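Shared chain: chain A. Partners: chain B in the first complex, chain C in the second.
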Partner chain A sequence: MKPRLVHPVAWWLWAIGMAAAAMRTRNLVLLALIVAVVCYVTLARRIDAPWARAFTLMWRLALLTVLFTVVLQIVLGIRYPGTVLLRLPGTTLPDWSGGIALGGDVTAEALLAALTNGLRLAAIIVCFGSANALAHPTRLLRVVPAALYELGVAAVVAITFVPQLAESTVRIRQAQRLRGRPITGLRGLRGLLVPVLEESLERAIALAASMDSRGYGRRGDVGRAFRALTGAAVLVGLIGACFGTYTVIDSAADRTVGVVALAGGTAVAAAGALIAGRRTQRTSLRKDPWGWPEWLTAGSGIAVAVAYRIAVPNDVNAGYELEWPHAPVSAVLLTVVGVLAGVLTPRPPLPGARATRSPERQLAGTG
Partner chain B sequence: MSTVARSAGARTVAVPLRLRARIAIVAVTIVGIGAFVWPLLIGFGARGAPHSTDAPWIFLVLLPLLMVVVAAELADGGMDAKAVALLGVLAGMSAILRPVSGGVTGVQLMFFVLIPAGRVLGPGFGFVLGNLAMFASAAITGGGGPWLPFQMLAAGWIGLGAGLLPRARGRAELAMLAVYGLLAGVAYGFVLNLWFWPFGASGTGLTASVTFSPDASVAENLSRWLRFSVTTSLSFDIPRGLATAAAILALGRPMLLALRRAARKAAFDSPAEFDPPLI
Partner chain C sequence: MIQLQDVAVTYAGSEAPALSGVTLSVPEGELCLVIGGTGSGKSTLLGTMNGLVPYFTGGRLSGRVTVAGRDTAHHPPRELADVVGAVGQDARATFVTDTVIDELAYTMESLALPRAVMRRRVEDTMDLLGLADLRDRDLRTLSGGEAQRVAIGAVLAAQPRILVLDEPTSALDPGAAEEVLAILQRLVHDIGLTVVIAEHRLERVVQYADSVIVLAGPGGPVRHCSPGEAMAESDIFPPVVALGRLAGWAPLPLSIRDARRAAPALRARLQDAPAVPPTAPPNRDGPPVAQVRGLEVRYAGVTALQGLDLDVRAGQITAVMGRNGAGKSTLLGALCGLVKPNRGTVRIAGADGPERTDGLFVDPRALVGSALLHHVGLVPQQPSDLLYGETAAQECAQSDRESGSPAGLTAQLFQSIAPGAELERHPRDLSEGQRLALALAVVLSGRPRLVLLDEPTRGLDYPAKARLARTLRELAAAGLAIVLATHDVELAAECSDRTVVLAQGQLIADGPSRDVVTHSPVFAPQVAKILAPLPMLTIADVRLALGAPR
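So, the complex of A and B:
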């Protein structure tokens, strides 16, 4: 099998499928299994790239989430009756807070609830971290409709900027510590925040300059009549949608008319806006293929999600019992389907195997 | 709006709002208000009962499409590389502030970047930044779901409002932004309660006095919604509002200065001119 990158949309579909499965269950065994599958696939198929570091970052965030939820539950949370592990001095807040207590009895059930919720959130975070690490962000950008190109770029900049922000925070903190400046408290926060902000804004301006110098945002000319037509479509569609909204809500009016006006108006406006966006003439150097590895990747993720919807009972709103979680064999086998994306797909190319030097790549590296 | 008129004012307009973009924002606001408040308006009267359940689904499907229309219109109005880069960087910053500052307790500082940025860089920029920050946050933390368009729209309103606040300087400006941050933080929670309240309240085992009732009158549902918000989310909304206001008071000054410096450096108002070569 020739090494190549799997289409980013396929990775996102796979990750969304795994996350949807994690949202569905509160069984600790199944959650751990989902995380294991996602980790295996990510480690097997990620490449050495800046965005691939997102996975480590997300892991840290996930662990922090678990810790935070558990600590918060101990200090401040809804009190579950059950086996008391620890008695803290505390008080119940007034009625309006909805049964939240400060301190008080910490029960094993409450801890289990917090741990499970934290782990579920952590599993979802790991799934999306995996999507971030596996999907080539600038290739993902190519599937954004032309009308949203500018915002697509901004979103990619935002997402790739986050690991850099973490890196610059750590660096500035170290610098402040070496200078003997306070790193805690309000002054420390100010000493951290202001340089981080300044540096980020500098970076944005530098990025903009480099985008400008590469001819970013050049527009093709479109005819006047074409512009007028798409503009009219957007306006008429929006007016229809506004009219439809209140016809849907108004109980005295005919709702079918409202639904048609709302849906039709939105469709017309969206079509007008998207067609108008074709003014930007953009060619792509390489087309990303969508072949059987993509079908397999996306399919395995979606299969897990669908299987969970059918085969795993929805226990998200159930109570918390102190017992060893037992996972049905069928659910375990279904989860393992997700591994196929990391086993049967082609390996990613080795670094340096193909020199990619496009402005987009630069953008991903410096954004 | 001519270049001269823009540069004469103290504010920068990073993302110019053309007439069509304005109309699109107004239209999505009108539909958005409908999408948010339908539980208050719908279904009093027996014959509305079957349809009161499919109204939310229509909005769930159509609101994202309308957001696409607005985004396309805003981008079409001329979003240059500087606006795009600043949007990306500031959205990334807000997105990371949300989980790091603890979304669980409600002490979250997402609006702390959004409000000064909307103030300095204008309402159009504020609106797009609000949308994009929520989107990026969801993309990073896995917060995507049917609630995302509602969050994006509400955050967009907050950024837009910050750009439309009246002119003020020095302490008065900080105080104004802090009060706005407090109100926005609380209102955000209340408004976001609205659209899922009919689904959410039924499963929580709360007393009947706070759940949505399709048969009740507008006033009755309004008071039920307020009670629902106060009992469930106020303990999240108040800390969020207070944290935003406190952060603006404590760190807003250097933040505004840095943003203004960047806006000046980016020189959004100066049109690019290409002189013909001399020879």
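So, the complex of A and C:
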């Protein structure tokens, strides 16, 4: 199998599928399994790039989320009756607070509830981080409709922001050291922040100027009004679709409104992009192929989501019983389908000579 | 091809125009060189040619700029992308994508060229610029020369009719610079490309130019004339022209080849001249200030320096030369403790003063805070990295405090290196030369015994460079050890006593500058090339030998 990158949209579909599955269950074993699957696939298929390295940050954030929800539950939370583990001095807040208590009895049930909710959030964060790490951002950008000029510029600037930030930070810290200034602590941070941000701003302007002078967002023979119209259609459509997705996922909201908004928004956005695309404004050298690895990747994610919808009982609104979570074998097997995206797809290409940072970019070599 | 009619540019917040009354016309297929001192409006003039001025810089442009028949008043830069390709001073800042091949295709993608055409042109461009081996490389891993070639290739692949380049060789070593210029010349000859170049280092480009635009100063008069005329009158000229003027050659030679053909008579005269100028003043060989032993530095598995032994002596100016990526910056970094050696040691002479390490040798990495300032100072490639103050005066005061110097010392140093510089300006608003002077003053305020300069002549015009050379010679005469990493062979010839050449992290030559550079076709300055085999490096040498007053 020839190494290549799987299409970024396929990774996003896969990650959304895994996240949707995580939202469907409150079973600790299944949630942990989903996180494990997502982490495995990410580590197996990411490349050595700045956006991919950000995954480390994401899983740490996920871990922090779990810890935070549990601690919050102990200090301040809805009290569940049940096995009392710890008695904290506390008061009950008045009725308008909706049953939230400060301190008081901490029960095992309450901790379990917090752990479960934290893990669900963590699973979604990990899925999001995984999509970010696996989907090549500039290739993803090619999918962004040409009608959205400003969005494209902003996205490119944002993508180059992090690596550039790291580079200037190293350089400016070296300069601080050369002037005998503190490079740690609050004073060091202040001396670092201003020049780094200044430089980032300058770089952003230079980059936007470069994109413009190289023809990005050319109107060509397309009229101004036409562009504005298609741009607006895509934007409005996308907002509608986002709103729809949210309402579909949120169990409390009205489903029909959500489905209509999702379908309608998608249709409007697609129509706008299609009409704009027909008057070709932009081509690409490399066609990012959509072959069987993409079908497999997107398919496995969606399959997990659909399987959870059908096969796993919806226990989201069930109570918290103190018992070892029972994981049906079928659900475990269904979750493992998600791993296929990290096993059967082609490996990412080797990084080539990318490990060598150019020392010239820094003040004086790598410090 | 390019027409400017009575063009004036005034930036927002400034009263005086950066350019005014510019009327000129660059015909198709011409290689046009723009010269002028720092701050004379070269970049502004170039910016008007693809609409970046005023669309991105702000300010007000009056008059009319027409590029390939399109008025820039009605065409923003993106609508000119198919006829003008522009590469800015920092090639890396223009990169939009992340691999070489994507970058080459970017402009064409924006122009919506069919895929088959793009494929072919990407391959052609890679062949033309020698980029085939870099194809899938990450842009951030390229050396300066490679980055410059990719940036040029990226605009060239779209086959514009005009190429606008702002100091395309300033970051390049002599070899890489020659390569880039040779490619440009070939394009002008083969496909009739119109090229406009702004450049300070005339010794690299003037012989390729068909015409020269001379900018006298901000808002001052602008002349567009032949290179010969420009060089006969301009006060900005390369050493080859200086020699021609001194010897009274007519027509004035612009290339080494022409100068050599005119030179036999002069060579004969110099041969008979009584004494060859002394190699170096005898006192320039003081005690060692830095000792490097078996130094090895690796970054992520790539060896930057290998088995390096070097003694830097007080009173000596040492020039470190070599290709882009040869390890020059790394060596300077190791000397001031920013770079951690993987093997070997770097020791620098102790300082007198509160640290009481005088007479001892210390590891620069062990020095923290202001102790470092009293031992060694580095002026980085971008001097502005060292500067954070709101005004030059504030910067100087801050520096006095940090180095524990008497108040006013830095300001005094700054004024003596750059006479007439305004202390109330923001460091960013100083000229390149003044900014360098400010950074050097800040470094000197710590009274270090070792001063390192990384590529100090980038963006400097000839007068600023001459001032720098004078300053460095004075500092060396006062007993400081100076190490200079540079691509500028003329500066090295002008002021260095000793030249060290690095190649792939190894020391391949070390000796008196006069011997090292005259034996190298790449690092020899123009005067040496013209007068070879006579061991003369600079105009000053020739003057001395001819007995003319200095």
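Keep in mind that, in the parts below, the second predicted complex is superposed on the first by the 225 of 367 C-alpha atoms of A that agree within 3 Å, B and C clash if a C-alpha of one lies under 4 Å from a C-alpha of the other, contacts with A are read in each partner's own complex, and residues count from 1 in each chain.
Here is the rule we go by: a residue touches a chain if its C-beta (ideal position, glycine included) is under 8 Å from a C-beta of that chain, and two chains touch if they have at least 3 such contacts.
Note that the structure is a prediction, hence the values are computed from the model and not measured.
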{"item": "Broader residue contact with chain A after superposition on the shared chain, chain B or chain C", "value": "B"}
{"item": "Chain B versus chain C as contact partner of A:Ile172, first or second or both or neither", "value": "second"}
{"item": "Partner chain in contact with A:Arg309 - chain B first, chain C second, else both or neither", "value": "neither"}
{"item": "First, second, both or neither for A:Ala208, with chain B first and chain C second", "value": "both"}
{"item": "Partner chain(s) touched by A:Arg87 [first = chain B, second = chain C, both, neither]", "value": "neither"}
{"item": "Chain B versus chain C as contact partner of A:Arg187, first or second or both or neither", "value": "neither"}
{"item": "Partner chain(s) touched by A:Leu151 [first = chain B, second = chain C, both, neither]", "value": "first"}
{"item": "Touching partner for A:Thr266 - first (chain B), second (chain C), both, neither", "value": "first"}
{"item": "Which superposed partner A:Lys287 touches (first chain B, second chain C, both, neither)", "value": "second"}
{"item": "Where chain A meets both chain C and chain B, residue numbers", "value": "156, 194, 203, 205, 207-209, 211-212, 216-217, 367"}
{"item": "Contact set on chain B toward chain A in their complex", "value": "20, 23-24, 27-28, 30-31, 34-35, 38, 41-45, 47-48, 51, 55, 58, 62, 65-66, 68-69, 71-76, 79-93, 95-96, 99, 102, 104-105, 128, 132-133, 135-136, 139-142, 144, 203, 230-232, 234-235, 250-251, 254-255, 258-259, 261-262, 265-266"}
{"item": "Contact footprint of chain B on chain A as seen in their complex", "value": "16, 19, 54, 61, 65, 68-69, 72, 76, 93, 95-98, 100, 124-125, 127-129, 132, 147-151, 153-162, 165-166, 186, 189-190, 193-194, 197-198, 200-205, 207-209, 211-212, 216-217, 231, 234-235, 237-239, 241-242, 245-246, 248-252, 255, 259, 262-263, 266-267, 269-270, 272-274, 276-277, 279, 317, 367"}
{"item": "Chain C - residues contacting chain A, complex", "value": "50-52, 55-56, 76-82, 84-86, 88, 90, 92-98, 101-102, 105-115, 118-119, 122, 136-138, 140-144, 154-155, 158, 297, 299-302, 304, 324-325, 329-330, 332-334, 336, 338-340, 369-373, 377-378, 380-381, 385-386, 388, 399, 402-403, 442, 446, 454"}
{"item": "Chain C contact footprint on chain A (complex, rising order)", "value": "49, 138, 156, 163, 171-172, 174-175, 177-182, 191, 194-195, 203, 205-220, 280-287, 349, 351-367"}
